[in-house]
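I've put the structures underneath this note.
Two complexes follow with subunit A in common, the first pairing it with subunit B and the second with subunit C.
What follows is the complex of A and B.
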């Protein structure tokens, strides 16, 4: 057993109405790779925020190197050798790498020295990074490297990583793991947060599993199967979704060699995108975040107009039509961002039901809204998709992520579409809600609709897709049957590791 | 230690209570100001807020004035509120008000001295069109070149004022009275006169128009898809685009509605209480209406109440000048304080003040 680095004793944190952490205790040894495992809402984030000084525990103590440790703010945690890489990056697109790193430091050295140190550290750990490049031009994987290098410059004893692989291709994940193993070998402990079980089994030598804010187990993940870990995490036996076998149908949606500039200066333009979607088919589109997924959804939903004939719905050119024109013809969409895009946060569920359904459901006559009919439509969605909420008068933002997602996807499915486009349908959603949503999409395909799922969750795509394609810098690969594809194949379709290979080979 | 805590949901109670509280605080601060000017604060406040309606001496004069002053404020504010809800900020209603008056008066002066029932309706259309046209300048610049409608609409007020002066001194000047600036008095031209509909009530066509606008706005915001889209665009612009709302179309609609209503207000004023195109015709209704819109919570019913209150301060201010020799600027200070206190108080709709003991170690 290695010398203990950080010991947590009975950490408890309650928010109004919910206990985020209840009496959590465990130890992290020096140089240990320790996994923190749990579903969304299990309390992982709150726990690491307490270690990083962002949240103050109500009860319990921490010891670092055997000494009491109670950071009041992140800078204090950093001074004590605790660093953290967040899931959502805090970087400025319009500044270069070195400037971004300097902004996160207490006493940044002159930029020229800093640039040199960034080069040194990034070479040493196989994370190639050009300090002079604008962050806005970097891929998600490269942005993460900026965050990691920023942490490494502080020479941390404990590095906390929150869901680091959600933005990486499988090959990039391999490279990240090499870096982390190297750090661990040099004595830096790593607290690795994830809900991806295979990753944790490959990387970590100890895992603490949280469920509902409590610690349910500490174990060696290499000695457990992924299924055992999952059941510990969820607390119930999981059943994979069912899918009826079905013959191939007619083409319902066809995109033909479409190129389209992004509406966002740091977005990704679509380049020569072509695909077809048939009745009853589930087409999964993979890709690392920021490779054109948002643009693809906007283009298909009608929010970003395209040349008319390039997009054909049931043989009709629809590229010029806006969202409502396409909805009337049977194409609906559910964007990735639930709050603010698919739903208005400060409006009731009734008003949010009206948002996309007004025309197709006939909820307004000559522009005058039939609120009673709209409310009963909202009630239908709530009942059929098991949305847990007191009623349709509740504001959208009061719902949990999973419940709002069920509502949003349910709303679109209730429109009885011929084609549905969804982006990240189960992102940030608990396992039970995710299963409901996947099953609903499969059922819709079973009824003959074409379903297009854009997702960064490969397991999800492999579970529900008939065919498979990947987005890489705005280009879409050829569509391949999903059956028989390995994770490695998919990784290569997603663009592999690009230039990242070189670094480790050179340093190896 | 005092801490600010963001509320999970904006407080409904304070949303309603704050405008009333702002009025009370304004009265208190106003009383202090009057005391410092050496006037009896109780008398001054009573003179401004109560005497115009309840006094035996002035009531018969000032009661009808209440509707005359409030109607343009309400008419303009109702239009502005629609845009404000969509985060489209028309600050230049004063300019649109002037252009509406000029267009309306232009039609009247073109027909003078012919009789005809159709002249007044034509003036109404022309007034609305004038305001609409003036508001289309910031609208089109915004949709084409992404300019800021706040700046463009505001700056166009000063352009409109110059045009007003040029008209009063030039084309529209009364040819029968040599040497005096200003147009013919439309009140003496029967076909164009926006006369009182019921004697000594102050009710003229502008009051009727304001009432109709309030009802239309209320129905639109609560029952019509356009109102829903306006609110959606204001609260969640991306969700609005997802719902199929075109942002450019909404800019044109919102600025168009508020411009047309401001133009109408100007037209009813110039053909009635104002009477003629003069250099000093515009008295700030377009700006005060912004306060009315906010004090009324951008809600048509609230705007009626706020419009009446601000109308009252206009009349009370005039009484104060006549009787207590209060400075004319006092009333602008009053109106400014109202908005100031309201915005300050609104802080607590979204935040909560917490007193906590210093428990930090």
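What follows is the complex of A and C.
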């Protein structure tokens, strides 16, 4: 047994209406790779925020190196050797790499010396970085390196990593694991938060599983199967979605050699994108975040107008049409950002249902809204997609991520479209809701609609897609049948690991 | 030729004076916006500064005391804005507009008895030999100290934002307040301090109008200077030196059109009076329109309320 580094005793934290953590206790040894496993909303984030000093526990104690440890703020945690890499990066787009690193340090050296140290550390651990570049121009993988290097410069004893692989290609994941193993061998403990079971089984030597804020088990993940871990995590037995076999139909959506500038200065422009989508087909589009997914969705939904003939819906040019025009012709879309893009946060579910369905469902006549019809439409969505909410009068903001996602996707599916475009349909959604959403998409394809799924979750894409393509710096690869593709193939389609290979080979 | 009757040295000298109040207000607002707060109350804080500075200077006989009082007055009004937007989480745009209306009304009320009085004179800075240089001496080296301190302030703000750690934290808070909070920085504290700085600068700008530029107190005497300062910040892409160039351009056109009016050019006075606003905004729009370049520099969290929820 290793010497204990951090011990948690009965940590409890309640927010109004919900107990985020209830009497959680476990130990992390020096140099140990400890996994913290749980669904969204299981209390993982709150727990690590307590360790990092962002949240104060209501009850319970922590000991670091056997001494009481109760950080009142992150800087105190950092001084004690606790560092954290955030899931949503805590980076500043308009500042350069060195400034971003300096902001996360207690006593940063002058920026010129810091730039040199960033180069040294990034080379040592195979994470190449240019300190003078603006963070807004970096890829997601590079941004994560900034966060990691920021932590490493402070010689942490405990490194907390919150869902670090969700934005990486499989090859980048391998390289991250090399870095983490090297750190662990040097005596740095790692608290690794994830819900990806295979990763944890490959990497960690101990796992603590949380469900509903309580610890359900501490075990050695290498001795359990992924299925056993999943059932511990979810608390129920999961069934994979069913897919009826069907013949391929006619082309419903065709995009032909389309290039389109992004509307965002830090965005990625689409370059020579071509693909076809047939009736009943599920086309999965993979890619690391920030490679043009948002732009592709905006272009297809009609928010970014394109040259008319480049986008054809059932043989008709629709590139010049806006979202309402396309919706009327049978093309609907559900963007990634649920609050503020797919749904208006401060409007009721009824009003949100009206926003996208008014014309196709005839909810407004002569400029007047038929509220009764709209409300019954909203009720239908809620009932059919098992949206857990008191009723359609509730504000969109008040729903949890998974429930709102079921609502916004259900809203589009209920329009009975010919083509549906979804971006990250199950991001941040718990496993049960994710299964519902995937099944609904497959059912829609079974009824003959073309389904285009943009996602960063490869397992999801492999589970539901018939064909597969990847976005890389705004370019779309050729479409390939999903059957028989390995994760390695997909990684290469997504652009591999870029320059990271070289660095590790050089340092090996 | 009418233009021949205008002395370029006098023109430059006058434009520096005309630009100073706007520049002061703009540089303060620049810091506020860099911290992610949009305070549309600049006009109100300026006029409060103008009236408090005037009253204190008249009663104490000291322009210096007047300027200190003006800075405190502007700051006091900005604290009201800080209380509303940072503690009570009200909408920044609406609060800023209310602040302007409130400032205009309040200043008219407390300045009633001071209309028509002449304030104590602020001495020109004696720069000895420099003032004797032909042309430059008259144009650049014959001003009161506030003109030079304002230029120094622009330099200091530029240095602060570019090189100091505190400036970096301020930019970080304005760029992404959630991330800054996650790293353990005090978003609200930084923002309240920035708002106070902005208020003090706007107050000083107002006092410069009532104590030096005009110098007199009249109701509503800022006539939109605060709005021009706000526009300057945006079109200068949040860069201090560019804001200064914009302010001097505005000052230059103001002075030039006044001279043209005096010289009796046959253009309707209304067109001449609106020209500084039009030309400044036009030039700045052209400079900052280089395809998304200007907006690239906009603080990412500008005008987004921050609430430390989780």
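Just so it is clear, the second predicted complex is superposed on the first by the 508 of 508 C-alpha atoms of A that agree within 3 Å, B and C clash if a C-alpha of one lies under 4 Å from a C-alpha of the other, contacts with A are read in each partner's own complex, and residues count from 1 in each chain.
What we mean here is this: contacts are C-beta pairs under 8 Å (C-beta built on N, C-alpha and C of every residue); 3 or more make two chains touch, one makes a residue touch a chain.
Since we're looking at a predicted model, the values are computed, not measured.
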Mind working out whether A:32 is in touch with subunit B, subunit C, both or neither, as first, second, both or neither?
neither
With both complexes overlaid on chain A, does A:95 touch subunit B (first), subunit C (second), both or neither?
second
In the overlay, answer first, second, both or neither for which of subunit B and subunit C A:291 touches.
neither
More residues of subunit A in touch with subunit C or with subunit B?
B
After superposition on the shared chain, which partner residues are touched by A:348: those of subunit B (first), subunit C (second), both, or neither?
neither
So, A:358: does it touch subunit B (first), subunit C (second), both, or neither?
first
Which partner does A:455 reach: the first (subunit B), the second (subunit C), both, or neither?
neither
Determine, under the contact definition given at the top, whether A:75 touches first (subunit B), second (subunit C), both, or neither.
second
Over in the complex, which subunit B residues touch subunit A? Could you list them?
9, 223-226, 228, 231-232, 235-236, 238-239, 241-244, 246, 360-361
Subunit A contacts subunit C in the complex at 45-46, 49, 53-55, 73-75, 78, 86, 88-95, 99, 102-104, 108, 265
Of all residues in subunit C, which touch subunit A in the complex?
165, 168-169, 171-172, 175-176, 178-180, 182-185, 292, 295-297, 299-300, 310
State the interface residues of subunit A toward subunit B in the complex, per the touch definition above.
70, 72, 301-303, 322-325, 327, 333, 335, 337, 340-347, 351, 354-356, 358, 364, 367-369, 371, 395, 398
